[in-house]
Amino acid sequence: MSALDQFLRWLDLAGIAVFAASGALVASRKRMDAVGFVVVAAVTGLGGGTLRDLLLGRTPVLWLRAPEPLAVCAAAALLVFFTAHLVESRFRALLWADAVGLALFAVTGAELALISGADPWAAALLGVVSACFGGIVRDVICDEVPLILRREIYLTAAGAGAAAFVLLRVAGGAGRGAAVAAGVAVAFGIRGAALLRGWSLPPY
Amino acid sequence: MSALDQFLRWLDLAGIAVFAASGALVASRKRMDAVGFVVVAAVTGLGGGTLRDLLLGRTPVLWLRAPEPLAVCAAAALLVFFTAHLVESRFRALLWADAVGLALFAVTGAELALISGADPWAAALLGVVSACFGGIVRDVICDEVPLILRREIYLTAAGAGAAAFVLLRVAGGAGRGAAVAAGVAVAFGIRGAALLRGWSLPPY
Amino acid sequence: MSALDQFLRWLDLAGIAVFAASGALVASRKRMDAVGFVVVAAVTGLGGGTLRDLLLGRTPVLWLRAPEPLAVCAAAALLVFFTAHLVESRFRALLWADAVGLALFAVTGAELALISGADPWAAALLGVVSACFGGIVRDVICDEVPLILRREIYLTAAGAGAAAFVLLRVAGGAGRGAAVAAGVAVAFGIRGAALLRGWSLPPY
């Protein structure tokens, strides 16, 4: 495996870990048992990457190809299971873990699509889908109002980050590391600002 | 691309457009922002075709292969965003847009399955799945009662249209245009009559 | 088709039949029409195998390759439609049909993954996913509280059965029939005991 693939893989695992933690935090709010923690963490952490792989035709999907993704989810779930009582506001911790995962997956999803030969606009779109799907499934199976349907800017942040990354890679010819850093910063910056300041778009 | 493929593609885009409009109408009823309009429109317009492609193994899926499907969804979403206040009953407009999309996708889904080498019964079934899935996802993510679970005949209309098309193509040896027209007419006719006259099947 | 493939296919059809019956029982509780019975039965009976095939990249998926799976679902749906009024407690019948399907799919899902070249841990995991997905979709589209989120042990039973099967096949070198029987017995035994005695894991 090249250094490039290795780098992408670490970024992906980091995204999986924080999304899995966000899932486990929802499980703690719903007072599930330990198995429920692992299930919700795994669904949240792996959902986006699984849909991404299916849509691109990369099968078997990521967690059937290597043990790390699932191990990361299980570890994140158990960590939250034993420490969540120490967290002052589990809902705010969940929002921020979700924001980090959103930013990372928006960029890794777009990058994998580019590598698979997708057009730039399709790559940006797949970044958004990868970034949002795990959280949607988490909220649907746990019967929470999906973050994506709440007032604050969410999907727009993922879209801006994915678009920035793709533009820098394709049109700007930027190096991989710079484009990744810029894409993650744009997505996380917009989502974080929306959380801190309650930014939203005008409703219909 | 042959004239035949071209024709199928236009039909598919027309189905995408009306389903996307039905999604945007739901978004307007839920008072979402402009991004929400585009998201719900895209999920509704592309959901059925995406599942169809996944089940057949046609990957990358349609909206990763060409920009038109997504562009059509975005255009339909914005059109509805700026004109929905002119519509007298958005719920009835939604029901009829959904009925047109249902009829078109039932036939294009069956046709694509036949082209992919599926058996006739499987092709008809895939037509039904393609026709119904986008609307189901629309209603689930927007927290509406799925149209498919309401009393009026819905899935049965898609099934009759898909079966009529497949029968004419396979058993009857009808030409492509005639079979498509007949299939769409059967599906839309049954669904339309069910809407106008409140047709339903007896419950358990 | 070899005797081995034939055997796996029968097991799979048996699992499809009982899951389909569980779906039809939910449809009867919701007072759906006959088409609704068939739809919920088909979604429940075929959901797990469809996701399994998609994740492994085995496309077209099972019910597009052969007519039996769908025919079994339709037959189970109609059988329940005409006999459900004779059942004393439809909810308990549903729980037990679901338990049988869970045990069968946990093993057939794991076996198919092993045949497709998956690692042992991934095979066990895919068994769990195959066993649980149909029931989750059934409960979501019918607006029931998912069995998987209820207090009694559910997913853990599927996991134990799939793991027992994989261990016996891979590490223990057991014959196919013995491993299948053991896996099904472990999964059904744990799930059945949980139903009879109200076994559960401690909540958070």
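So that you can tell them apart, the chains are marked A, B and C in the order they are listed, and the count of residues begins at 1 in each.
By our rule, a residue touches a chain if its C-beta (ideal position, glycine included) is under 8 Å from a C-beta of that chain, and two chains touch if they have at least 3 such contacts.
This one's a predicted model, so the numbers in the text were calculated from it and none came from an experiment.
*Asks:* Can you report the angle of the rotation that maps chain B onto chain C, using C-alpha atoms only, to the nearest 5 degrees?
*Replies:* 120
*Asks:* Same or different, please, for the chain A to chain C contact, judged on whether over half of the interface numbers appear on both copies.
*Replies:* different
*Asks:* If you average the Cα atoms of chain A and of chain C to get two centres, how far apart are those centres in Å?
*Replies:* About 30 Å separates the centre of chain A from that of chain C.
*Asks:* Two-or-more-chain contact residues of chain B, please, as numbers and ranges.
*Replies:* Within chain B, the residues that touch at least two other chains are 54, 57, 140.
*Asks:* Which residues of chain C touch chain B in the complex?
*Replies:* So the residues of chain C touching chain B come out as 27-28, 31-37, 39, 50, 54, 57, 59-61, 63-65, 67, 70, 81, 84, 140-141.
*Asks:* Quick one: which bits of chain A touch chain B in the complex? Just the residue numbers, please.
*Replies:* Touch list, chain A to chain B: 54-57, 113, 116, 118-119, 121-122, 125-126, 136, 140, 146, 148-149, 153, 155-156, 200-204.
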